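As C-alpha coordinates, here come the structures.
In the two complexes below, chain A is the common chain; its partner is chain B in one and chain C in the other.
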Partner chain A sequence: MAMSRFVYVTYIRATPEKLWRALIEPEFTRQYWVGTIQESEWKKGASWKMIAPDGRLTDSGEIIEIEPYKRLVFSWRNEFQPAVKAEGYSRCTYDLEETHGVVKLTVTHEMDIEDAQLIVGVSSGWPYILATLKSLLETGKAFEGSDKFPEGI
Partner chain B sequence: MSERDPDFVYVTYIGASREKVWAALTDRGVRPWWDDTVIDTTFKPGEPLTFRRRGKVDVRGVIKEIDPPNKLVHTFHIEGPGPMHDEGETQVTYELVQDGDATKLTVLHTGFVKDSKLRQAVSGGWPPILSALKTTLESGKALAYATWAERAKKSA
Partner chain C sequence: MPAEMTPDTIYITYINTTPEKVWEALTSAAFTTQYFFGMRIESDWRPGSPWVLYAPNGKRTVHGTVIDADRPRRLKVIWAVDGLAEPLPDCDVTYDIEPMGVVVKLTMTEHHPAPLDPKWLEGGRQGWPKILSGLKTLLETGKPLPMPKAPG
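Up next, the complex of A and B:
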(Lines of atoms letter the chains of each structure in order from A and count residues from 1; the text may use other names and numbers.)
(Lines give C-alpha, C1' and ligand atoms only; values in the text may rest on other atoms or scores of the structure.)
Protein backbone atom coordinates (compact mmCIF):
# COMPACT_ATOMS: atom_id res chain seq x y z
CA MET A 1 0.00 0.00 0.00
CA ALA A 2 1.17 3.49 -0.82
CA MET A 3 2.68 5.51 2.03
CA SER A 4 0.78 8.71 1.23
CA ARG A 5 -2.77 8.30 0.13
CA PHE A 6 -5.92 10.35 -0.41
CA VAL A 7 -9.24 8.70 -1.20
CA TYR A 8 -12.46 10.55 -1.96
CA VAL A 9 -15.84 9.16 -2.89
CA THR A 10 -18.68 11.16 -4.38
CA TYR A 11 -22.00 10.26 -5.99
CA ILE A 12 -23.00 12.19 -9.11
CA ARG A 13 -26.26 12.10 -11.00
CA ALA A 14 -24.93 11.52 -14.53
CA THR A 15 -24.17 8.67 -16.88
CA PRO A 16 -20.68 7.13 -16.64
CA GLU A 17 -20.07 8.36 -20.22
CA LYS A 18 -20.89 11.96 -19.34
CA LEU A 19 -18.83 11.90 -16.14
CA TRP A 20 -15.88 10.34 -17.99
CA ARG A 21 -15.98 13.09 -20.60
CA ALA A 22 -16.28 15.74 -17.90
CA LEU A 23 -13.13 14.40 -16.20
CA ILE A 24 -10.93 14.53 -19.29
CA GLU A 25 -12.34 16.80 -22.04
CA PRO A 26 -11.27 20.46 -22.21
CA GLU A 27 -14.77 21.78 -22.93
CA PHE A 28 -15.77 20.48 -19.48
CA THR A 29 -12.57 20.85 -17.44
CA ARG A 30 -12.19 24.52 -18.44
CA GLN A 31 -15.50 25.24 -16.73
CA TYR A 32 -14.71 23.75 -13.32
CA TRP A 33 -11.09 22.59 -13.00
CA VAL A 34 -9.79 26.11 -12.41
CA GLY A 35 -9.62 26.73 -16.14
CA THR A 36 -7.13 23.94 -16.85
CA ILE A 37 -7.19 21.44 -19.69
CA GLN A 38 -5.61 18.02 -20.02
CA GLU A 39 -3.83 16.72 -23.09
CA SER A 40 -3.42 13.03 -23.82
CA GLU A 41 -4.20 10.46 -26.48
CA TRP A 42 -5.93 8.60 -23.62
CA LYS A 43 -4.42 5.22 -24.32
CA LYS A 44 -2.05 3.09 -22.31
CA GLY A 45 1.49 4.47 -22.38
CA ALA A 46 0.42 7.87 -23.77
CA SER A 47 1.71 11.02 -22.10
CA TRP A 48 -0.65 13.08 -19.92
CA LYS A 49 -0.39 16.81 -19.34
CA MET A 50 -2.34 19.37 -17.37
CA ILE A 51 -2.11 22.89 -18.75
CA ALA A 52 -3.00 26.18 -17.08
CA PRO A 53 -5.07 28.82 -18.92
CA ASP A 54 -1.86 30.80 -19.62
CA GLY A 55 -0.32 27.76 -21.35
CA ARG A 56 2.03 26.67 -18.56
CA LEU A 57 2.47 22.99 -17.88
CA THR A 58 1.25 22.39 -14.31
CA ASP A 59 1.46 18.59 -14.06
CA SER A 60 2.51 15.68 -16.24
CA GLY A 61 2.54 11.91 -16.35
CA GLU A 62 1.56 8.87 -18.34
CA ILE A 63 -1.55 6.73 -18.79
CA ILE A 64 -1.01 3.46 -16.91
CA GLU A 65 -4.39 1.84 -17.39
CA ILE A 66 -7.52 2.93 -19.20
CA GLU A 67 -10.95 1.37 -19.50
CA PRO A 68 -13.27 4.09 -20.80
CA TYR A 69 -16.23 4.99 -18.54
CA LYS A 70 -14.93 2.67 -15.80
CA ARG A 71 -11.33 3.14 -14.77
CA LEU A 72 -8.39 5.39 -15.43
CA VAL A 73 -4.97 5.13 -13.80
CA PHE A 74 -2.24 7.61 -14.60
CA SER A 75 1.01 8.87 -13.14
CA TRP A 76 1.12 12.49 -12.01
CA ARG A 77 4.04 14.73 -11.22
CA ASN A 78 3.80 18.38 -10.27
CA GLU A 79 5.69 20.63 -12.71
CA PHE A 80 5.49 24.13 -11.27
CA GLN A 81 6.68 23.79 -7.66
CA PRO A 82 10.31 22.58 -7.61
CA ALA A 83 10.12 20.93 -4.15
CA VAL A 84 6.96 19.05 -5.09
CA LYS A 85 8.29 18.13 -8.53
CA ALA A 86 11.36 16.64 -6.80
CA GLU A 87 9.11 14.13 -5.03
CA GLY A 88 8.54 12.49 -8.40
CA TYR A 89 5.47 10.67 -9.65
CA SER A 90 2.27 9.99 -7.79
CA ARG A 91 -0.49 7.71 -9.06
CA CYS A 92 -4.06 8.82 -9.59
CA THR A 93 -6.97 6.43 -10.14
CA TYR A 94 -10.59 7.15 -11.11
CA ASP A 95 -13.11 4.36 -10.58
CA LEU A 96 -16.63 4.88 -11.91
CA GLU A 97 -19.46 2.60 -10.88
CA GLU A 98 -23.06 3.11 -11.98
CA THR A 99 -25.72 2.42 -9.41
CA HIS A 100 -29.41 3.45 -9.34
CA GLY A 101 -28.94 6.18 -11.97
CA VAL A 102 -26.06 7.68 -10.04
CA VAL A 103 -22.34 7.21 -10.62
CA LYS A 104 -20.14 6.48 -7.66
CA LEU A 105 -16.80 8.10 -8.40
CA THR A 106 -13.78 7.13 -6.32
CA VAL A 107 -10.61 9.16 -6.71
CA THR A 108 -7.50 7.59 -5.19
CA HIS A 109 -4.34 9.66 -5.29
CA GLU A 110 -1.30 8.00 -3.77
CA MET A 111 2.46 8.04 -3.63
CA ASP A 112 5.10 5.63 -2.41
CA ILE A 113 6.87 8.11 -0.14
CA GLU A 114 5.95 9.21 3.36
CA ASP A 115 4.20 12.56 3.98
CA ALA A 116 4.26 13.54 0.29
CA GLN A 117 3.63 17.27 -0.17
CA LEU A 118 1.88 16.49 -3.44
CA ILE A 119 -0.69 14.32 -1.67
CA VAL A 120 -1.21 16.96 1.04
CA GLY A 121 -1.81 19.52 -1.71
CA VAL A 122 -4.30 17.46 -3.72
CA SER A 123 -6.12 16.43 -0.51
CA SER A 124 -7.42 19.96 -0.15
CA GLY A 125 -7.89 20.40 -3.89
CA TRP A 126 -9.92 17.32 -4.80
CA PRO A 127 -12.98 17.98 -2.58
CA TYR A 128 -13.47 21.39 -4.21
CA ILE A 129 -12.83 20.20 -7.78
CA LEU A 130 -15.18 17.23 -7.39
CA ALA A 131 -17.85 19.39 -5.72
CA THR A 132 -17.88 21.95 -8.52
CA LEU A 133 -17.80 19.13 -11.12
CA LYS A 134 -20.85 17.55 -9.44
CA SER A 135 -22.65 20.90 -9.49
CA LEU A 136 -21.79 21.38 -13.17
CA LEU A 137 -23.18 17.98 -14.18
CA GLU A 138 -26.28 18.11 -11.98
CA THR A 139 -27.31 21.76 -12.29
CA GLY A 140 -25.52 22.90 -15.47
CA LYS A 141 -23.45 25.39 -13.49
CA ALA A 142 -20.08 25.03 -11.82
CA PHE A 143 -19.21 27.21 -8.79
CA GLU A 144 -18.50 30.81 -9.56
CA GLY A 145 -14.77 31.27 -10.05
CA SER A 146 -13.98 27.58 -10.54
CA ASP A 147 -13.16 28.35 -14.20
CA LYS A 148 -10.32 30.65 -13.09
CA PHE A 149 -6.78 29.61 -12.27
CA PRO A 150 -5.76 30.87 -8.79
CA GLU A 151 -3.73 34.07 -8.93
CA GLY A 152 -0.12 34.05 -7.85
CA ILE A 153 0.55 30.38 -8.65
CA MET B 1 0.83 1.52 15.76
CA SER B 2 -1.94 3.65 17.15
CA GLU B 3 -4.48 2.01 19.44
CA ARG B 4 -7.33 3.68 17.62
CA ASP B 5 -8.47 3.87 14.03
CA PRO B 6 -7.93 7.23 12.33
CA ASP B 7 -10.62 9.89 12.32
CA PHE B 8 -12.90 10.05 9.31
CA VAL B 9 -13.01 13.43 7.56
CA TYR B 10 -15.14 14.41 4.61
CA VAL B 11 -15.13 17.84 3.01
CA THR B 12 -17.60 19.03 0.43
CA TYR B 13 -18.72 22.34 -1.00
CA ILE B 14 -22.40 23.08 -1.42
CA GLY B 15 -23.83 25.84 -3.60
CA ALA B 16 -26.05 27.27 -0.84
CA SER B 17 -25.74 29.63 2.12
CA ARG B 18 -24.55 28.37 5.50
CA GLU B 19 -28.05 29.07 6.83
CA LYS B 20 -29.61 26.74 4.24
CA VAL B 21 -27.07 23.98 4.87
CA TRP B 22 -27.57 24.42 8.62
CA ALA B 23 -31.37 24.28 8.24
CA ALA B 24 -31.08 20.99 6.32
CA LEU B 25 -28.69 19.47 8.88
CA THR B 26 -30.96 20.40 11.79
CA ASP B 27 -34.28 19.65 10.05
CA ARG B 28 -36.36 17.41 12.28
CA GLY B 29 -38.56 16.06 9.49
CA VAL B 30 -38.04 12.96 7.33
CA ARG B 31 -34.87 13.51 5.33
CA PRO B 32 -34.88 11.72 1.96
CA TRP B 33 -31.21 12.64 1.43
CA TRP B 34 -30.37 10.64 4.57
CA ASP B 35 -32.28 7.50 3.73
CA ASP B 36 -35.41 8.91 5.43
CA THR B 37 -33.66 9.34 8.76
CA VAL B 38 -35.37 11.60 11.32
CA ILE B 39 -33.38 13.39 14.03
CA ASP B 40 -35.15 13.80 17.36
CA THR B 41 -33.56 16.40 19.62
CA THR B 42 -34.09 19.90 20.96
CA PHE B 43 -30.60 20.84 19.63
CA LYS B 44 -29.65 22.23 23.06
CA PRO B 45 -26.29 21.40 24.68
CA GLY B 46 -26.54 18.39 26.96
CA GLU B 47 -29.85 17.24 25.45
CA PRO B 48 -30.24 13.75 23.97
CA LEU B 49 -30.47 13.02 20.26
CA THR B 50 -31.70 10.01 18.33
CA PHE B 51 -31.60 9.05 14.66
CA ARG B 52 -34.72 7.15 13.72
CA ARG B 53 -35.20 5.40 10.40
CA ARG B 54 -38.54 3.90 9.40
CA GLY B 55 -39.66 3.88 13.00
CA LYS B 56 -36.52 2.27 14.41
CA VAL B 57 -33.82 4.02 16.44
CA ASP B 58 -30.40 3.65 14.76
CA VAL B 59 -28.21 6.00 16.76
CA ARG B 60 -28.30 7.72 20.14
CA GLY B 61 -26.20 10.65 21.25
CA VAL B 62 -25.99 13.91 23.14
CA ILE B 63 -25.62 17.46 21.78
CA LYS B 64 -22.19 18.67 22.94
CA GLU B 65 -21.90 22.01 21.21
CA ILE B 66 -24.10 24.07 18.94
CA ASP B 67 -23.28 27.38 17.27
CA PRO B 68 -25.74 28.11 14.42
CA PRO B 69 -24.91 28.20 11.52
CA ASN B 70 -21.25 27.36 12.10
CA LYS B 71 -20.76 24.29 14.21
CA LEU B 72 -22.60 21.30 15.65
CA VAL B 73 -21.03 18.57 17.76
CA HIS B 74 -22.83 15.51 19.06
CA THR B 75 -21.93 12.08 20.34
CA PHE B 76 -22.86 9.11 18.18
CA HIS B 77 -23.54 5.66 19.55
CA ILE B 78 -25.05 2.96 17.34
CA GLU B 79 -28.13 1.38 18.91
CA GLY B 80 -27.59 -2.20 20.08
CA PRO B 81 -27.35 -5.00 20.16
CA GLY B 82 -24.43 -5.59 17.82
CA PRO B 83 -20.67 -5.25 17.39
CA MET B 84 -20.89 -1.60 16.32
CA HIS B 85 -22.84 -0.78 19.48
CA ASP B 86 -20.20 -2.57 21.55
CA GLU B 87 -17.49 -0.28 20.12
CA GLY B 88 -18.98 2.49 22.26
CA GLU B 89 -19.53 6.16 21.72
CA THR B 90 -17.97 8.22 18.94
CA GLN B 91 -18.36 11.91 18.08
CA VAL B 92 -19.50 13.83 15.00
CA THR B 93 -18.57 17.45 14.30
CA TYR B 94 -20.06 19.51 11.49
CA GLU B 95 -18.30 22.73 10.54
CA LEU B 96 -19.71 25.20 8.03
CA VAL B 97 -17.59 27.93 6.50
CA GLN B 98 -18.64 30.32 3.79
CA ASP B 99 -16.49 29.99 0.64
CA GLY B 100 -17.56 32.51 -2.00
CA ASP B 101 -21.11 31.63 -3.00
CA ALA B 102 -20.73 28.15 -1.57
CA THR B 103 -20.52 26.61 1.89
CA LYS B 104 -17.57 24.43 2.78
CA LEU B 105 -18.94 21.63 4.94
CA THR B 106 -16.54 19.48 6.95
CA VAL B 107 -17.79 16.39 8.72
CA LEU B 108 -15.36 14.96 11.24
CA HIS B 109 -16.18 11.62 12.85
CA THR B 110 -13.82 10.71 15.70
CA GLY B 111 -13.25 8.23 18.50
CA PHE B 112 -13.13 4.89 16.66
CA VAL B 113 -11.67 1.81 18.31
CA LYS B 114 -8.93 -0.19 16.60
CA ASP B 115 -10.20 -2.20 13.56
CA SER B 116 -13.55 -0.47 13.95
CA LYS B 117 -16.51 -1.90 12.06
CA LEU B 118 -18.28 1.37 12.72
CA ARG B 119 -15.54 3.34 10.98
CA GLN B 120 -15.83 1.05 7.98
CA ALA B 121 -19.61 1.53 7.92
CA VAL B 122 -19.62 5.31 8.29
CA SER B 123 -16.80 5.66 5.72
CA GLY B 124 -19.23 4.07 3.28
CA GLY B 125 -22.18 6.07 4.64
CA TRP B 126 -21.03 9.69 4.82
CA PRO B 127 -20.11 10.13 1.12
CA PRO B 128 -23.57 9.19 -0.25
CA ILE B 129 -25.36 11.10 2.54
CA LEU B 130 -23.38 14.27 1.93
CA SER B 131 -23.52 13.83 -1.87
CA ALA B 132 -27.31 13.58 -1.59
CA LEU B 133 -27.49 16.62 0.70
CA LYS B 134 -25.54 18.65 -1.86
CA THR B 135 -27.77 17.51 -4.71
CA THR B 136 -30.93 18.22 -2.71
CA LEU B 137 -29.88 21.75 -1.77
CA GLU B 138 -28.61 22.61 -5.24
CA SER B 139 -31.24 21.02 -7.46
CA GLY B 140 -34.16 20.28 -5.14
CA LYS B 141 -34.01 16.60 -6.06
CA ALA B 142 -32.68 13.88 -3.76
CA LEU B 143 -30.26 11.23 -5.01
CA ALA B 144 -31.17 7.55 -4.99
CA TYR B 145 -30.31 6.00 -1.69
CA ALA B 146 -30.20 2.25 -2.02
CA THR B 147 -26.41 2.21 -2.23
CA TRP B 148 -25.99 3.54 1.28
CA ALA B 149 -28.53 1.21 2.87
CA GLU B 150 -26.96 -1.77 1.07
CA ARG B 151 -23.50 -0.82 2.23
CA ALA B 152 -24.62 -0.28 5.79
CA LYS B 153 -26.20 -3.74 5.80
CA LYS B 154 -23.11 -5.38 4.32
CA SER B 155 -20.80 -3.93 6.92
CA ALA B 156 -23.20 -4.50 9.85
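Up next, the complex of A and C:
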Protein backbone atom coordinates (compact mmCIF):
# COMPACT_ATOMS: atom_id res chain seq x y z
CA MET A 1 0.00 0.00 0.00
CA ALA A 2 1.16 3.51 -0.84
CA MET A 3 2.77 5.49 1.96
CA SER A 4 0.99 8.76 1.16
CA ARG A 5 -2.60 8.43 0.16
CA PHE A 6 -5.66 10.62 -0.37
CA VAL A 7 -9.09 9.13 -1.04
CA TYR A 8 -12.23 11.13 -1.77
CA VAL A 9 -15.68 9.85 -2.63
CA THR A 10 -18.49 11.92 -4.09
CA TYR A 11 -21.89 11.09 -5.60
CA ILE A 12 -22.96 13.03 -8.68
CA ARG A 13 -26.27 13.04 -10.51
CA ALA A 14 -25.00 12.37 -14.04
CA THR A 15 -24.32 9.49 -16.38
CA PRO A 16 -20.88 7.83 -16.22
CA GLU A 17 -20.31 9.00 -19.83
CA LYS A 18 -20.98 12.63 -18.96
CA LEU A 19 -18.84 12.52 -15.81
CA TRP A 20 -16.00 10.86 -17.73
CA ARG A 21 -16.07 13.58 -20.37
CA ALA A 22 -16.19 16.26 -17.67
CA LEU A 23 -13.05 14.81 -16.06
CA ILE A 24 -10.94 14.82 -19.22
CA GLU A 25 -12.31 17.10 -21.94
CA PRO A 26 -11.09 20.72 -22.20
CA GLU A 27 -14.56 22.17 -22.87
CA PHE A 28 -15.51 20.95 -19.38
CA THR A 29 -12.27 21.22 -17.39
CA ARG A 30 -11.78 24.85 -18.46
CA GLN A 31 -15.03 25.71 -16.68
CA TYR A 32 -14.22 24.24 -13.27
CA TRP A 33 -10.64 22.95 -13.01
CA VAL A 34 -9.19 26.41 -12.47
CA GLY A 35 -9.07 27.01 -16.23
CA THR A 36 -6.70 24.12 -16.95
CA ILE A 37 -6.93 21.60 -19.76
CA GLN A 38 -5.51 18.08 -20.09
CA GLU A 39 -3.87 16.69 -23.18
CA SER A 40 -3.62 12.97 -23.88
CA GLU A 41 -4.57 10.40 -26.48
CA TRP A 42 -6.30 8.63 -23.58
CA LYS A 43 -4.94 5.20 -24.27
CA LYS A 44 -2.63 2.96 -22.28
CA GLY A 45 0.96 4.19 -22.42
CA ALA A 46 0.03 7.62 -23.84
CA SER A 47 1.47 10.74 -22.23
CA TRP A 48 -0.77 12.93 -20.05
CA LYS A 49 -0.36 16.66 -19.50
CA MET A 50 -2.14 19.33 -17.54
CA ILE A 51 -1.77 22.83 -18.94
CA ALA A 52 -2.50 26.17 -17.27
CA PRO A 53 -4.49 28.87 -19.11
CA ASP A 54 -1.20 30.71 -19.88
CA GLY A 55 0.16 27.59 -21.62
CA ARG A 56 2.52 26.45 -18.84
CA LEU A 57 2.82 22.74 -18.15
CA THR A 58 1.64 22.22 -14.55
CA ASP A 59 1.70 18.41 -14.27
CA SER A 60 2.56 15.45 -16.45
CA GLY A 61 2.47 11.67 -16.52
CA GLU A 62 1.31 8.65 -18.44
CA ILE A 63 -1.89 6.62 -18.80
CA ILE A 64 -1.42 3.36 -16.89
CA GLU A 65 -4.89 1.87 -17.27
CA ILE A 66 -8.00 3.09 -19.04
CA GLU A 67 -11.47 1.64 -19.25
CA PRO A 68 -13.73 4.44 -20.54
CA TYR A 69 -16.60 5.49 -18.23
CA LYS A 70 -15.32 3.15 -15.49
CA ARG A 71 -11.70 3.50 -14.52
CA LEU A 72 -8.67 5.63 -15.28
CA VAL A 73 -5.24 5.22 -13.70
CA PHE A 74 -2.44 7.59 -14.58
CA SER A 75 0.90 8.73 -13.24
CA TRP A 76 1.16 12.35 -12.17
CA ARG A 77 4.20 14.48 -11.47
CA ASN A 78 4.14 18.14 -10.55
CA GLU A 79 6.03 20.26 -13.09
CA PHE A 80 6.00 23.79 -11.69
CA GLN A 81 7.28 23.48 -8.12
CA PRO A 82 10.86 22.15 -8.13
CA ALA A 83 10.71 20.55 -4.64
CA VAL A 84 7.47 18.77 -5.47
CA LYS A 85 8.66 17.75 -8.92
CA ALA A 86 11.71 16.16 -7.25
CA GLU A 87 9.42 13.75 -5.39
CA GLY A 88 8.68 12.08 -8.72
CA TYR A 89 5.50 10.38 -9.86
CA SER A 90 2.33 9.83 -7.92
CA ARG A 91 -0.56 7.67 -9.11
CA CYS A 92 -4.09 8.93 -9.56
CA THR A 93 -7.12 6.66 -10.02
CA TYR A 94 -10.72 7.51 -10.92
CA ASP A 95 -13.34 4.83 -10.31
CA LEU A 96 -16.88 5.47 -11.56
CA GLU A 97 -19.81 3.32 -10.47
CA GLU A 98 -23.44 3.97 -11.37
CA THR A 99 -26.39 3.35 -9.04
CA HIS A 100 -29.92 4.85 -9.13
CA GLY A 101 -28.98 7.44 -11.78
CA VAL A 102 -26.17 8.68 -9.57
CA VAL A 103 -22.49 8.05 -10.16
CA LYS A 104 -20.18 7.27 -7.27
CA LEU A 105 -16.80 8.77 -8.10
CA THR A 106 -13.79 7.68 -6.06
CA VAL A 107 -10.55 9.59 -6.53
CA THR A 108 -7.48 7.91 -5.06
CA HIS A 109 -4.23 9.83 -5.25
CA GLU A 110 -1.23 8.06 -3.80
CA MET A 111 2.53 7.95 -3.75
CA ASP A 112 5.08 5.43 -2.53
CA ILE A 113 7.00 7.87 -0.34
CA GLU A 114 6.23 9.05 3.17
CA ASP A 115 4.66 12.48 3.76
CA ALA A 116 4.67 13.40 0.07
CA GLN A 117 4.18 17.15 -0.44
CA LEU A 118 2.36 16.42 -3.68
CA ILE A 119 -0.29 14.39 -1.82
CA VAL A 120 -0.63 17.10 0.85
CA GLY A 121 -1.15 19.65 -1.94
CA VAL A 122 -3.76 17.68 -3.88
CA SER A 123 -5.58 16.77 -0.65
CA SER A 124 -6.63 20.38 -0.25
CA GLY A 125 -7.32 20.80 -3.96
CA TRP A 126 -9.47 17.76 -4.76
CA PRO A 127 -12.47 18.53 -2.50
CA TYR A 128 -12.88 21.95 -4.15
CA ILE A 129 -12.36 20.68 -7.73
CA LEU A 130 -14.81 17.81 -7.25
CA ALA A 131 -17.37 20.08 -5.55
CA THR A 132 -17.35 22.59 -8.43
CA LEU A 133 -17.44 19.70 -10.94
CA LYS A 134 -20.52 18.28 -9.18
CA SER A 135 -22.19 21.70 -9.31
CA LEU A 136 -21.38 22.04 -13.02
CA LEU A 137 -22.96 18.68 -13.85
CA GLU A 138 -25.99 19.05 -11.59
CA THR A 139 -26.82 22.74 -12.03
CA GLY A 140 -25.12 23.62 -15.33
CA LYS A 141 -22.80 26.08 -13.60
CA ALA A 142 -19.46 25.64 -11.91
CA PHE A 143 -18.53 27.86 -8.94
CA GLU A 144 -17.90 31.47 -9.83
CA GLY A 145 -14.13 31.86 -10.24
CA SER A 146 -13.34 28.15 -10.59
CA ASP A 147 -12.49 28.78 -14.24
CA LYS A 148 -9.57 31.04 -13.16
CA PHE A 149 -6.08 29.82 -12.41
CA PRO A 150 -4.93 31.04 -8.95
CA GLU A 151 -2.79 34.17 -9.12
CA GLY A 152 0.86 34.00 -8.15
CA ILE A 153 1.35 30.30 -8.95
CA MET B 1 0.05 2.70 11.43
CA PRO B 2 -0.65 0.46 14.46
CA ALA B 3 -4.13 -1.10 14.33
CA GLU B 4 -5.19 0.71 17.50
CA MET B 5 -4.30 4.19 16.27
CA THR B 6 -6.79 5.84 13.99
CA PRO B 7 -7.02 9.38 12.71
CA ASP B 8 -10.21 11.42 12.54
CA THR B 9 -12.47 10.96 9.54
CA ILE B 10 -12.71 14.31 7.78
CA TYR B 11 -14.95 15.12 4.83
CA ILE B 12 -14.80 18.51 3.15
CA THR B 13 -17.16 19.85 0.55
CA TYR B 14 -18.02 23.24 -0.94
CA ILE B 15 -21.59 24.34 -1.49
CA ASN B 16 -22.99 27.19 -3.54
CA THR B 17 -25.24 28.58 -0.78
CA THR B 18 -25.08 30.58 2.48
CA PRO B 19 -23.78 29.44 5.91
CA GLU B 20 -27.29 29.99 7.31
CA LYS B 21 -28.76 27.56 4.74
CA VAL B 22 -26.12 24.94 5.57
CA TRP B 23 -26.92 25.31 9.27
CA GLU B 24 -30.62 24.90 8.56
CA ALA B 25 -30.00 21.82 6.42
CA LEU B 26 -27.90 20.21 9.18
CA THR B 27 -30.34 20.93 12.00
CA SER B 28 -33.89 20.74 10.64
CA ALA B 29 -35.95 17.63 9.91
CA ALA B 30 -37.48 19.21 6.78
CA PHE B 31 -34.00 18.93 5.26
CA THR B 32 -32.51 15.82 6.91
CA THR B 33 -35.43 13.62 5.77
CA GLN B 34 -34.39 14.49 2.21
CA TYR B 35 -30.66 13.68 2.40
CA PHE B 36 -29.83 11.77 5.62
CA PHE B 37 -31.17 8.30 4.69
CA GLY B 38 -34.68 9.63 5.24
CA MET B 39 -33.97 10.34 8.92
CA ARG B 40 -35.59 13.06 10.99
CA ILE B 41 -33.36 15.17 13.26
CA GLU B 42 -34.63 16.71 16.48
CA SER B 43 -33.14 19.09 19.08
CA ASP B 44 -33.48 22.63 20.34
CA TRP B 45 -29.78 22.97 19.45
CA ARG B 46 -28.72 24.52 22.75
CA PRO B 47 -25.43 23.42 24.31
CA GLY B 48 -26.19 20.62 26.79
CA SER B 49 -29.49 19.68 25.10
CA PRO B 50 -30.16 16.22 23.71
CA TRP B 51 -30.36 15.63 19.95
CA VAL B 52 -31.76 12.61 18.09
CA LEU B 53 -31.90 11.14 14.57
CA TYR B 54 -35.00 9.00 13.99
CA ALA B 55 -35.23 6.43 11.18
CA PRO B 56 -38.23 6.63 8.80
CA ASN B 57 -39.90 3.86 10.89
CA GLY B 58 -39.63 6.03 14.02
CA LYS B 59 -36.78 4.14 15.68
CA ARG B 60 -34.11 6.19 17.39
CA THR B 61 -30.92 5.58 15.36
CA VAL B 62 -28.37 8.11 16.61
CA HIS B 63 -28.49 10.34 19.67
CA GLY B 64 -26.29 12.46 21.89
CA THR B 65 -25.75 15.82 23.51
CA VAL B 66 -25.12 19.17 21.83
CA ILE B 67 -21.66 20.35 22.89
CA ASP B 68 -21.26 23.50 20.84
CA ALA B 69 -23.81 25.36 18.74
CA ASP B 70 -22.49 28.59 17.25
CA ARG B 71 -25.03 29.31 14.53
CA PRO B 72 -24.15 29.40 11.60
CA ARG B 73 -20.48 28.60 12.13
CA ARG B 74 -19.96 25.50 14.20
CA LEU B 75 -21.98 22.60 15.54
CA LYS B 76 -20.45 19.90 17.69
CA VAL B 77 -22.37 16.94 19.06
CA ILE B 78 -21.76 13.69 20.91
CA TRP B 79 -22.57 10.86 18.48
CA ALA B 80 -23.94 7.62 19.95
CA VAL B 81 -25.39 4.97 17.63
CA ASP B 82 -28.39 2.98 18.87
CA GLY B 83 -29.11 -0.68 18.29
CA LEU B 84 -25.56 -1.97 17.94
CA ALA B 85 -24.69 -5.34 19.53
CA GLU B 86 -21.57 -3.72 20.95
CA PRO B 87 -21.69 0.02 21.71
CA LEU B 88 -19.75 2.38 19.43
CA PRO B 89 -16.71 3.71 21.28
CA ASP B 90 -16.93 7.41 22.26
CA CYS B 91 -17.40 9.61 19.24
CA ASP B 92 -18.15 13.24 18.52
CA VAL B 93 -18.97 14.97 15.25
CA THR B 94 -18.21 18.60 14.40
CA TYR B 95 -19.44 20.59 11.43
CA ASP B 96 -17.46 23.71 10.61
CA ILE B 97 -19.16 26.12 8.20
CA GLU B 98 -16.98 28.82 6.63
CA PRO B 99 -17.75 31.30 3.86
CA MET B 100 -15.08 30.96 1.14
CA GLY B 101 -15.61 33.70 -1.41
CA VAL B 102 -18.86 32.93 -3.22
CA VAL B 103 -19.33 29.45 -1.74
CA VAL B 104 -19.43 27.79 1.69
CA LYS B 105 -16.82 25.30 2.88
CA LEU B 106 -18.31 22.57 5.05
CA THR B 107 -15.92 20.39 7.06
CA MET B 108 -17.25 17.36 8.92
CA THR B 109 -14.90 15.86 11.50
CA GLU B 110 -15.72 12.52 13.12
CA HIS B 111 -13.48 12.28 16.15
CA HIS B 112 -12.82 9.38 18.49
CA PRO B 113 -11.07 10.54 21.67
CA ALA B 114 -9.68 7.08 22.48
CA PRO B 115 -7.81 4.67 20.19
CA LEU B 116 -10.22 2.13 18.69
CA ASP B 117 -10.41 -0.77 16.28
CA PRO B 118 -10.53 0.69 12.71
CA LYS B 119 -13.63 -1.44 11.99
CA TRP B 120 -15.62 1.28 13.80
CA LEU B 121 -14.60 3.84 11.19
CA GLU B 122 -16.10 2.01 8.21
CA GLY B 123 -19.70 3.15 8.72
CA GLY B 124 -18.71 6.81 8.67
CA ARG B 125 -16.31 6.43 5.79
CA GLN B 126 -19.06 4.86 3.66
CA GLY B 127 -21.85 7.07 4.96
CA TRP B 128 -20.50 10.64 5.11
CA PRO B 129 -19.79 10.98 1.37
CA LYS B 130 -23.38 9.89 0.61
CA ILE B 131 -24.92 12.16 3.23
CA LEU B 132 -22.90 15.26 2.39
CA SER B 133 -23.13 14.76 -1.41
CA GLY B 134 -26.89 14.63 -0.91
CA LEU B 135 -26.87 17.75 1.27
CA LYS B 136 -24.98 19.70 -1.40
CA THR B 137 -27.33 18.57 -4.18
CA LEU B 138 -30.40 19.44 -2.11
CA LEU B 139 -29.16 22.96 -1.32
CA GLU B 140 -27.99 23.68 -4.87
CA THR B 141 -30.83 22.16 -6.89
CA GLY B 142 -33.72 22.06 -4.41
CA LYS B 143 -34.11 18.33 -5.08
CA PRO B 144 -32.76 15.32 -3.22
CA LEU B 145 -30.07 13.13 -4.76
CA PRO B 146 -31.60 9.71 -5.49
CA MET B 147 -30.03 7.50 -2.82
CA PRO B 148 -30.92 4.36 -0.91
CA LYS B 149 -32.78 5.17 2.32
CA ALA B 150 -30.40 3.19 4.49
CA PRO B 151 -26.66 3.49 5.00
CA GLY B 152 -24.34 0.87 3.54
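Here is the rule we go by: the second predicted complex is superposed on the first by the 153 of 153 C-alpha atoms of A that agree within 3 Å, B and C clash if a C-alpha of one lies under 4 Å from a C-alpha of the other, contacts with A are read in each partner's own complex, and residues count from 1 in each chain.
Throughout what follows, contacts are C-beta pairs under 8 Å (C-beta built on N, C-alpha and C of every residue); 3 or more make two chains touch, one makes a residue touch a chain.
Just so we're clear, the structure is a prediction, and the values are computed from it rather than from any experiment.
Overlaying the two complexes via chain A brings chain B and chain C into a clash. In the superposition on chain A, contact is made by A:Tyr11 with both chain B and chain C. In the overlay built on the shared chain, the residue A:His100 is in contact with chain B and with chain C. Of the two partner chains placed by superposition, chain B and chain C are both touched by A:Tyr128.
Of the two partner chains placed around the shared chain by superposition, neither chain B nor chain C is touched by A:Arg77. Once the two complexes are laid over each other on the shared chain, residue contacts for A:Thr139 go to chain B and to chain C alike.
Shared contact residues of chain A with chain B and chain C: 8-13, 100-102, 127-128, 131-132, 134-135, 138-139, 143-145. Touching chain B in their complex are the following residues of chain A: 8-13, 99-102, 104, 124, 127-128, 131-132, 134-135, 138-139, 141, 143-145. Those residues of chain C that touch chain A in the complex are listed here as 12-16, 101-103, 129-130, 133-134, 136-137, 140-141, 145-148.
Listing the residues of chain A that touch chain C in their complex gives 8-13, 100-102, 127-128, 131-132, 134-135, 138-139, 143-145.
For chain B in complex with chain A, the touching residues are 10-15, 100-102, 127-128, 131-132, 134-135, 138-139, 141, 143-147.
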